Amino acid sequence: MSGEKHAHPAAEPLPGRVLEQTGVDVARCYQCGKCSAGCPLAAEMDYPPSQIMHLLQLAGEFPEFAEMALRSHTAWLCLTCEICYCRCPMELDIPKVMDALRHEALRKKKVNPKAKDILAFHRAFLDSVKHTGRLFEMGQVVDYKLRSGHFLQDLLQAPWMFLVGKLHLLPERVRDRRQLKRIFARTLKARENRP
Amino acid sequence: MKTGFYPGCSMKGSAREYSESLLAVARVLGRELPEVPDWNCCGATAAHNLDHDLALALPARILAAAEKKGMDEVLVPCAACYSRLKVTRHELLEDEKLRQRISGLVEADYRGSAKVVNIIEWLAAVPDLEKLVKKPFQRKVACYYGCLLVRPAGIVEFDRPEEPQSMDLLMAKLGAKPIDWAFKTECCGAGFSVSRTDLVAKLSGLILEDAVSRGAEAVIVACPMCHLNLDLRRPNIEKRAGKKYDIPVIYITQVLGLAMGLPPKKLGLQRHKVAVKFAPAESPVPGVSAKRGA
Amino acid sequence: MARIGVFICHCGENISATVDVVKVAAEAARIPGVAHSVEYKYMCSDPGQQLVKNAIKEKNLTGVVVAACSPRMHEPTFRRACAEAGLNPFLCEMANIREHCSWVHEKGEATTQKALDIVRTLVAKVKKNKALEPIKVPVTKTALVLGGGIAGIQAALDIANSGHKVILVEQAPSIGGHMSQLSETFPTLDCSQCILTPRMVEVAQHPNITLHSYSELESLDGFIGNFKARIRRKARGLDEKLCTGCGLCMQKCPTRKIPSEFDAGLGLRPAIYVPFPQAVPNKPVIDREHCTYYRTGKCRLCEKVCPTQAIRFGQEDEIVEAEVGAVVVATGFDIKHGDFFPEYGYGKHQDVIDGLQFERLASASGPTLGEIRRPSDGKVPETVVFIACAGSRDPAKGIEYCSKICCMYTAKHAMLYRHKVHHGKPYVFYMDIRAGGKMYEEFVRRAMEEDGVQYVRGRVSRVYERNGRLVVKGVDTLLGARPLEIEADLVVLATAGVANAGAEELAQKLHVSYDAHKFYAEAHPKLRPVETNTAGIFLAGACQAPKDIPESVAQSTARRRRFILPASAASSARAPAPTRPSRRRSSAAATGRWSRPWPRSTRACARAAAPAWPSAAPNRSTSRASPTRRSMPRFWPCWNEVNAMADFNPKIVAFVCNWCTYAGADLTGTSRMKYAPQVSIVRFPCTGRIDFMLLLKAFAGGADGIIVSGCHPNDCHYSSGNFHARRRWVVFRGLMDFLGIDVRRVQFSWVSAAEGAKWAQLVNETTDRIRRLGPFADYQRLRGQGVG
Amino acid sequence: MQALRSKARELLATKTVQVIIGYASGGGGRARAVFVREAAKADALVFDDSCQQNLAVYFSKPEVRKLGKAALVATPAALRAILQLAAENQIAEGELLALAVGGDDVVPLATFAAIEAHVAARDGDWSAAEKEELQKYEAMGLEERRRFWEEQFSRCLKCYACRAACPLCYCTRCTVECNQPQWIPVPAHDLGNLEWNVMRAMHLAGRCVDCGDCGRACPVNIPLHLLNRRLIREVFTVFGSRSGRSAKGDNALSTFKPNDPEDFIQ
């Protein structure tokens, strides 16, 4: 086992990569379940947080568990409300682990299909930021609708928001947009292109 | 002490009234709030969901700009932006290598000299705030902190993560009667406003239900996202719950403005989805659309 | 003039097959001071022992070296034989030429030479040995027991019943401790008071027991057998001799609404009070903080109604001095209080209570007379949620340990609740059920099977109040970690067991050590679990760690045995400590300012840099292990020639600890593993005892390399000797390097008693390395001028 | 200097202390220790750059203690020595008043807490010159270093001036005087000199407050303080503790952490 690890550093098992990226040692989790008990969306998740932690604990030896964690809907449902981290008796930063899982799933193209809308929203959001430096709400919502296909959702809200002055038709822009493009090029884009 | 102001994207758009009320109040307090020069979006949930470095680089660029301008602290009224900026500062100051890498990304040597301050901290530091109160806001209010003002406790180091009190104390100064309720720090659904409206309706519904059942007349917030979910998404909440909620959701700065006797319109109260009106003694605040829904 | 007898054993062929024993005997006879040298087939047999005894008498020997097996094997045998022949047993040493020589080296001249070297070494040591006598310590046959809970009561009665005097000190107005607060006890569900109160009365009436209740230890000085205790008897505000305990004062006292400590804050008491009706002694105390007279200067109603005029408002604390031979510390534990659990609303909602409060609710003598009624409105709760591990096993709350008793008492609480409220619904949220103990697992099963207690596996995230009920947000991790919500009327938290608030202060008065959680530390967790590191001070009950009643009682009784042994003699005989702490007085000792229990006569600089004898050591008989102070320079072969590089056989001295590495090297022998013969083993009690000066002296004596080895961290026989040694080695290596001495010449290692193979490997590798480094000529050049 | 003198006068006149241990001009541009017991003689006190000796050394002497409560003119190193002596229970709270000097200012520090704060506020790293001095020897090869020290120690006279000058060498009977057995040979020869100096450095490891008086006291100019300094760095980098910073707590070598580094142990 350990010999293999040294032979293929890229094949470091998932728990090790999580430790490296987040500093969270999943072995410390003793499965008390307090995170799942307090998680606002545990009931919607395929694997509540404590189960994700357990999947990660076993993922080193059982690749199928690593797969289950990566393809979970949970990672995308996590709201980063931090209540699990706040109450965890072992002080494990579970939201950070969820971040790491999302990044890994994106890179390996293993995003749970149910998370399509959430991902579309995030991408639309960042696209807006990439181009203007700030969030252009109108543009983003349109972009999101195109990506998600939910054309009719919220259609009735928009005119009202426009009326009360909450929606602008033109984006606000950052002056140094080239720099932002560089930041995006060196982070998100570079990462997504990496095998 | 030079304080910079980071409005964040929503305060320029959907949460315009938060910005309007803050600036109106600041004017009365005699505080100048210059914006952080050429600020960009903090990246919000989307950035840290998709890329770690990006999630740090975007806030780092903001903080570096504030630093360069010689700002000692940056006021970040949006709780979500506050969290991103605070987390970034914490992580970069903890890890020298990371600080160098991100500094490289944002093409500035970020040092961490500017502190990140939230709206409650900023207001709590104003001396004799109660002396400025002209019309005490004599309402039973549910102070809603949400997630990101108080968590993760080790990083934000503001108030206590369970049963926080700072906003309640501030409201009491303004003459309000903060109620003891159970959902002060529960999550409203945050970044799912658009992508998972169903979940927002569920979580925000629980919050309204608890506030209303304990006799609150208004929910006080310090976060545009919370406001969006609790106010703009009210139709979705009501649809899911199968009942009507009339309770208005008011920004902390709007309450302060009202207590100071500023005109409601200057505070942007007319922009709310749910009319800011109180039964029965007080008449509806003028200038607010009485029509509900759309 | 020394007259040493050397006795070489063949051990059948175990030794003689590889070592030329005849030659060793002949060579040994030529060692200066050796008056007699013989070999024999089986030295440990009766005829062999007789050889030794006869020689002692006939040749008038002043010391004996038996060259045979490991001292761990037959040292007691030969020492007894010497004693029978009239020679002080501590003048007899074993030269281990079997495990450390004949079994681990090939047959040949080098092996024979090594055997001879070992004999020489031990001859040199015996010459320096002194006749030691067991240390007699006159003993005060009185025990001081601190703490009047069940552990202290049991210890006091056991010692008193075996005929010794006991002084029992309890800080509360009555003895009884936490056990008196309990309703019923697991796993039998018998009434706590019914078992305890007769014992309390027995304490009060026992002719051998002096009870000081409402008292505290002021100071303790002296040493085992001869402690001087000063006890502060706090002013009760009445004359105990006159008070009859009629209780009139308590009935008339106008200040009545003080939360009762005994009822864990659920009941009320007056300002003059006994904690509970069965209190021993049944004499009230005046609570000066709340008493109207002390606060306002008016009232004195109790004084007026007292039929015996016993009230004394002006009474002051009194200091009692006592001489005691031993101290039993039984100061017990507390449970964690306060608002350390905001997510559970503990300290905020009245109906979120702790385990002790539930005991009082369930107790027939409690504030509700045994009916389970919740504190907020007195309603009988329909649903009760019990939360285990509330604070325990929770590093985030600062307590990583398991409090041990909660699983059992939570099961008991749930059962008691069901017995009292038949239609009630008890839920227990738990992480693991730890029910190891006689009839314990059966008890928990009974709660689940017979009493219908619902066990839910998972931790609760939050408890909050809604419409007068408590919403418990939990989870069932066995059902896919699904969150579940229970509306309860009462929530009982099994909060963590913690050390008493005054534990640290008391430990400092007693000079006993304590752990990070302020629980008192035993001398050795396995072998000396009831003693502290300070001789004559023993531990009982939960001051050591959370414990249940049977365990506390068993341990208290064990303590009695430890006490009676020394107390039954006029003086206690203690094994002589061969390395007596220096009697030289340093300025520190002279000014009496050592505040901590460091050896009082050790010099300050030695305290920092020289090995501290692990504090337990003076109790042990290890006469072999004493080279440091008395006879250091000749403890290993003193090589006189410097080897030429060509056929360089490095000389290596191994300083090893007696408990792990020496035994490990023995195991190498019994496993017949072979290693290089150039190593010479010197035995110490502990690596903590190996002074850096010894390493220098070994180099000065011609060594080319040194091995220092002892127990692995945490395995130290004296708890921390090797930890201290490790720090000194770090510094020593730094200094050596700075002085231009190659640190590779000193190899440090941990070798346990089970690591025979590691020992062989260590010796071989070190030998190879030293061989490559070559002779330590630089140092040996210095030595030309300096061997003293 | 005037501030120092007037403070000394005041302390003696009000009988706050019975003696001031300070510096006086000693001729030849050097300072010497002086014990001022009368207010009238306070003008003997001086303080300038020549005042380098760590006066805390006198406080361990019984004859000085007999003089009564003392005020000590204290350089930063002397303050550290006081804290270290307190940590070793050699000075009790209130037995000594430290007069922290530096520039023209004099700050009376009556409590250990005050001394701790004063020391902490001015605590710093070694100067570049000091670091360089240590690095010079560390940069040498092992053999070169050995020869250097052998040459240095060959001059040692075993006069024990280093011991006498050290405020932490307060034992009433030193190991070097023990002759049952004789740990350190009495005559001055290479082996015994090495052993003595190793022992001195080891017994001060984790306790030395880095005043440098041992090196200054040496009549044959052996840079003894380098040995101590090397160990100060070792103790600080490995165990993270520095002596003379707190009046409480254990010396680095009389305590331990279960997870102390042990990569050198096989």
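Read from first to last, the chains carry the letters A, B, C and D; within each, the first residue is number 1.
Going forward, a residue touches a chain if its C-beta (ideal position, glycine included) is under 8 Å from a C-beta of that chain, and two chains touch if they have at least 3 such contacts.
From a predicted model like this one, the values you see are computed outputs, not experimental measurements.
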{"item": "Pair with more cross-chain C-beta pairs in contact, given B-C and A-B", "value": "A-B"}
{"item": "Intercentroid distance (Cα basis), chain D paired with chain B, Å", "value": "58"}
{"item": "Intercentroid distance (Cα basis), chain B paired with chain A, Å", "value": "23"}
{"item": "Distance from the mean Cα position of chain C to that of chain A, given in whole angstrom", "value": "51"}
{"item": "Two or more partner chains touched - positions in chain D", "value": "none"}
{"item": "Chain B residues counted as touching two or more neighbouring chains", "value": "162"}
{"item": "Numbers and ranges of chain C residues touching at least 2 other chains", "value": "343"}
{"item": "Listing of all chain pairs that touch each other, if any do", "value": "A-B, A-C, B-C, C-D"}
{"item": "Chain A-facing residues of chain C, complex", "value": "343, 389, 393-397, 431, 457-462, 473-477, 480-483"}
{"item": "Residue numbers on chain A that touch chain B, as the complex places them", "value": "21, 40-41, 44, 76-77, 79-83, 85-86, 93, 95, 99-100, 102-103, 106, 117-118, 120-123, 125-126, 128-129, 133-135, 137, 141, 144, 148, 153-154, 156-157, 159-161, 164-168, 172, 174-176, 179-180, 182-184, 186-188, 191"}
{"item": "Residue numbers on chain A that touch chain C, as the complex places them", "value": "30-39, 42-43, 47-51, 83, 87-91"}
{"item": "Chain C to chain D touching residues, read off their complex", "value": "584-588, 590-591, 593-595, 598, 603-610, 612, 629-633, 692-693, 696, 700, 713-714, 720, 723-724, 726-735, 737-743, 747-750, 762, 765, 778, 782-783, 785-788"}
{"item": "Chain B residues within the chain C interface of the complex", "value": "160, 162-163, 182, 210, 213"}
